[in-house]
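Think of it as A, B, C and D in the order they're written, each chain with its own count starting at 1.
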Amino acid sequence: MKRIGMLTSGGDCQALNTAMRGVAKTLFNAKEQVEIYGFLNGYQGLIYGKFRLLTGADFAGILTKGGTFLGSSRTPFKTIREPGEDGIDKVAAMKQTYYKLQLDCLVILGGNGTHKTANLLREEGLNIVTLPKTIDNDLWGTDMTFGFQSAVNVATDCIDCIHTTAASHGRVFIVEVMGHKAGWLTLNAGMAGGADIILIPEIPYDIDKVAKKIKQRHETGSRFTILAVAEGAISKEDAALSKKEYKKKLANRKYPSVSYELAAQLQEKCGYDVRVTVPGHTQRGGSPCPYDRVFASRLGSEAAELILKGEYGFMVGYKNREIVKVPLEDVAGKLKMVDPNASIVKEAKLLGISFGD
Amino acid sequence: MKRIGMLTSGGDCQALNTAMRGVAKTLFNAKEQVEIYGFLNGYQGLIYGKFRLLTGADFAGILTKGGTFLGSSRTPFKTIREPGEDGIDKVAAMKQTYYKLQLDCLVILGGNGTHKTANLLREEGLNIVTLPKTIDNDLWGTDMTFGFQSAVNVATDCIDCIHTTAASHGRVFIVEVMGHKAGWLTLNAGMAGGADIILIPEIPYDIDKVAKKIKQRHETGSRFTILAVAEGAISKEDAALSKKEYKKKLANRKYPSVSYELAAQLQEKCGYDVRVTVPGHTQRGGSPCPYDRVFASRLGSEAAELILKGEYGFMVGYKNREIVKVPLEDVAGKLKMVDPNASIVKEAKLLGISFGD
Amino acid sequence: MKRIGMLTSGGDCQALNTAMRGVAKTLFNAKEQVEIYGFLNGYQGLIYGKFRLLTGADFAGILTKGGTFLGSSRTPFKTIREPGEDGIDKVAAMKQTYYKLQLDCLVILGGNGTHKTANLLREEGLNIVTLPKTIDNDLWGTDMTFGFQSAVNVATDCIDCIHTTAASHGRVFIVEVMGHKAGWLTLNAGMAGGADIILIPEIPYDIDKVAKKIKQRHETGSRFTILAVAEGAISKEDAALSKKEYKKKLANRKYPSVSYELAAQLQEKCGYDVRVTVPGHTQRGGSPCPYDRVFASRLGSEAAELILKGEYGFMVGYKNREIVKVPLEDVAGKLKMVDPNASIVKEAKLLGISFGD
Amino acid sequence: MKRIGMLTSGGDCQALNTAMRGVAKTLFNAKEQVEIYGFLNGYQGLIYGKFRLLTGADFAGILTKGGTFLGSSRTPFKTIREPGEDGIDKVAAMKQTYYKLQLDCLVILGGNGTHKTANLLREEGLNIVTLPKTIDNDLWGTDMTFGFQSAVNVATDCIDCIHTTAASHGRVFIVEVMGHKAGWLTLNAGMAGGADIILIPEIPYDIDKVAKKIKQRHETGSRFTILAVAEGAISKEDAALSKKEYKKKLANRKYPSVSYELAAQLQEKCGYDVRVTVPGHTQRGGSPCPYDRVFASRLGSEAAELILKGEYGFMVGYKNREIVKVPLEDVAGKLKMVDPNASIVKEAKLLGISFGD
């Protein structure tokens, strides 16, 4: 018999339930008997021993349901070695729960932060298998993460809706897309929604070039301009600052986000009415799209296969259209960013999209 | 032969194109020959004589397209009697265009502000037929406006998406729904999306009752609370202020909107993490829903019937499931608000929804 | 304390769960204590005593879920007085279950057939409150049924999809919409989807007029024609037959449905390639649209109010934008059909839509 | 200056307009001057010289529109060398149009049949660049075709809708998914929709194993079973027949498609009510999904790059996440089928899905 723990950590996204269903169905269909313990609200459940034994009924009908039925929470890696407010030693507590339940393996679904902690637990001797969850698609070691395509769909729907109103009123619209560090989501939603300007963290922008593009469009008869702007979009000027200086500048910014600052700057430079839309957390929500459902199901069943074979210490990823296992130590602490020279960026530019660079 | 002018004014919404197609198809199918002149960007096109003769091709394929192919603009009624920046007498200019083109009638699609100007033009002697367009559903004289149901759908989708993420993280979420004066959109989207608390302009809220409801929910095991809040939601305190005092207070508010202010207050009072989502202009955009398509088509064809019969000075409205003509002087300057004692409000409360009152 | 039974009967539709949630939330929020017993699979559960006590958890998260968590079945009214295959006296068995459980009232959600049985149970002395569920919108005594608008949305989506392929290939397409007796769904989806021809049971068609319309369109430059055809669409010829003759003819029809027969006839008469699409049961499925969610929630809470007041023997309906109670004896056995002279039919014709009459 | 011809051929699909916009935007943004001639209705336009010079306006607003604004038609490769009904030599006529217009290159968007003709034209000396369009994803030489993911979405929506009704009534449902030769669409939509049984042409089924799976499910408490069945699903028995014998058998089949035959067989073998849904051409229609929009835009711009560089004789494809050029002679006449031993099939089986093998 195998005893498996399972948890979802970090910001939620679409297809978390799908992936867990994939793991569980495969385990329950295996010849070996398996028990699955679900920890509530991410690493918190592991730390404080909050869990329950899961049965087939827990996984029925969740293929298409957004969110995570186990709940999630952010447990910052930075402070994982520090005692909690209640004085608890978090790492020790997690290990204790693991050993007390005599687990053979922990299945952890999460993004970048989650993987750092997962790798730490591996280094501490626990058996870990992880699944790459994030709407940002910025996990190192996998071409794709689940949640990403569903989030692209939500953000694109938003740009589609803005398109009709922008065209009717002859306005400039900024749609702020999630992504503080990586621009994958903004880039794809921007291209899919027909944005005229795309600003992402990896390609710092020159505000004057952005303004020029807008003016050019309006001078050549286009009544409106749509900008897809990542939360982490940054000007060339700011990109030249030290990390510390930039953080300080951000902290003093009088606008709630880069989009509002950009709107004010562009309104001044161009003279057009600039509006901001922030779909925000809707990008994480709703039913996973068919692509994510198939993808997360496949990853989940392969994760179960690893567990059944006793191969631990891996993230189940996707490379060159093959499902692969990637050593956790290779994944943890790295980010997969948009390469400014990537083929997709070149193609976007050929289509006439400006990155403000 | 009949010569008809057509324009769309004010904030755009779904089914404007649908309604215009309804008018045009019916006119083009009539025995009498008809010419339709489309004015660009609302009353601006009428003032400055910017128009073009429309043909069947202009109305092909637009049944399902959001926005307005004629463009729109806001032309404030307050200053309609004042000369423009260019010194132009706006009312005189509109009349001049009308008579120069020898129009038999102007078809005007718009909301509250638009109807005030439309009625003024009627008083000035022009033949006018109007159609009730607004996502706010606050036009007097009609049970329903087109755009409303489509906007309810967009706002509800947003709440649906937030539901999964709220449930996963155990958070309080505020979804800010459009509507500065009337709460129809927030009320319907809130009920459809399963919001726990709905705040609308017509029912001023007590912040302590709102906070209490949230705490009660969390104490009885609900991990999250969703608030649907209208842009114009107002506290009992603020509702007691004079209009002038309230405007002054709003101008000094350090938050971009009521939702952000509420979030700060509730976070302090409850201690939970409160997040804000602002779908904004997406609520006006995208393809009209089937309900609006049928409704706007019907209104459009009845407007054409009035024109063919030479019955002018009416808005085509909807009362008790019948399409009716409503004298413009009855419509202009009035608003249709949610009655705090209405059946639907009572039912929402029976379902356990709090209005904070 | 009140003891309430609840069941859903007949073909399922969207918002059944929503309506039951509305009833239950209102009952559970009432001062009086209430127990709700859910019968499984419609009247079958009542006949065979298959039920369970429902709790708040049963109604959590079902606002947006299609189908019915209680299950449903068709229990033909025609044979309700005849013994079942197992020799059971169905009516007696239903009464026995009712009295054994000491129920104060049965809440029954269903369409036409369901209401006949519900009324029979009322006549037998049981306390009954019903809710009008059907995608057909053909229940007498209410302007609207829940499920209808959601089904319109699904059928319209289907026509929208067909539009692009029809336009690309220059073909004639028939979309077969649900509705054996009433044409509401076909009429509304047809208008919303921009169908060129709409055939419904209430307006028998002349095949030559249908063919003529198609030829006219193609001769005047339209590359395609879309027909929205109700399952129960009928030719003038067939409408003239006696019911018995028509049934016999139908039984011998070599096509699976009227659409396939029409396709063959039109292909022969016009020479164009005619394709058939049958969305079928998808029209009953999926998440209820926001309109249905609000509507069903409101009806549900009003049904609960009636129960709490002890007012039995009614269907909760909707007339002239008011929620009303309609005596069951008035509802049972009647149908609400499309009036060929109704305003909406006239408007559809003004828009250029042919009904083949 | 470059003179480019463009046509879309074969069954339409989503993102054809998107791809053409990608080609045109890139060409119009190039330094060199370019003229694009659009041929109407596929190869027919090339044969009969029906074309028009396209401008920027033709490509505006079509990113999100389904279908093809150029129209399409099926021009069977089998008879391409035979004279048409009007005695015309089709190949000679196509060449004549090409040379008369002094084209530098023809951009052809199509699937398998289209590529055979495209390759023939290349052999005849014309400069050709093609784009891989098909909802079937069965083109050799590319990991992905545009239209596929959008079709998966439509078919999955259909299965999602059926899920709620199947669960409510405890029935067996067959959803017939497009695909006569390849099972990609059925496999992906089936997995995404949570089908219990998936039948595809590449994996012949044993009807008794299918029936057994259904019975097993019902015996272990599942109230319903959903089958995703490809149009070209085939039994082991039939797969053993010679091609000629099978064609003969198909011609005599009394059911309109395999699904209806299966339904009859399973109803007899299992005793459950089996229903069939045929989404049909809706799978080709509607707005392309964001994935297809990005993908088709990228392919289109790379096709334009090839043209600008004068590299002809290629299909622009996608291999291992790179956009590649594939020699037309390698593509023509081959099919990319689902490998019964592929990883995705194994994973589907691990999830408990039966292929009836």
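Just so we're on the same page, a residue touches a chain if its C-beta (ideal position, glycine included) is under 8 Å from a C-beta of that chain, and two chains touch if they have at least 3 such contacts.
Bear in mind the structure is a predicted one, so any value in this text is a computation, not a measurement.
For the pair chain C and chain D, there is no chain touching both partners.
Number of steps on the shortest path from chain A to chain D, with steps defined by chain touch: 1.
Rounded to whole angstrom, the centroid-to-centroid distance between chain B and chain D, based on C-alpha atoms, equals 42 Å. Computed from the mean C-alpha positions, the centre of chain A lies at a distance of 35 Å from the centre of chain B. Once the centre of each chain is set as its mean CA position, chain B and chain C turn out to be 31 Å apart.
Taken residue by residue, chain A touches two or more other chains at 160, whereas all remaining positions touch fewer.
A complete list of chain pairs in contact reads A-B, A-D, B-C, C-D. Across the complex, chain A meets chain B through its residues 8, 11-12, 14, 16, 41, 65-68, 71-73, 154, 157-158, 160-165, 167-170, 173, 223, 256, 260, 275-286.
Only residues 22, 25-26, 29, 63-64, 143, 149, 152-153, 156, 160, 188-189, 191-194, 289-291, 293-294, 297-298, 301-302, 304-305, 320-323, 343-344, 347, 350-352 of chain B touch chain C when the two sit together in their complex.
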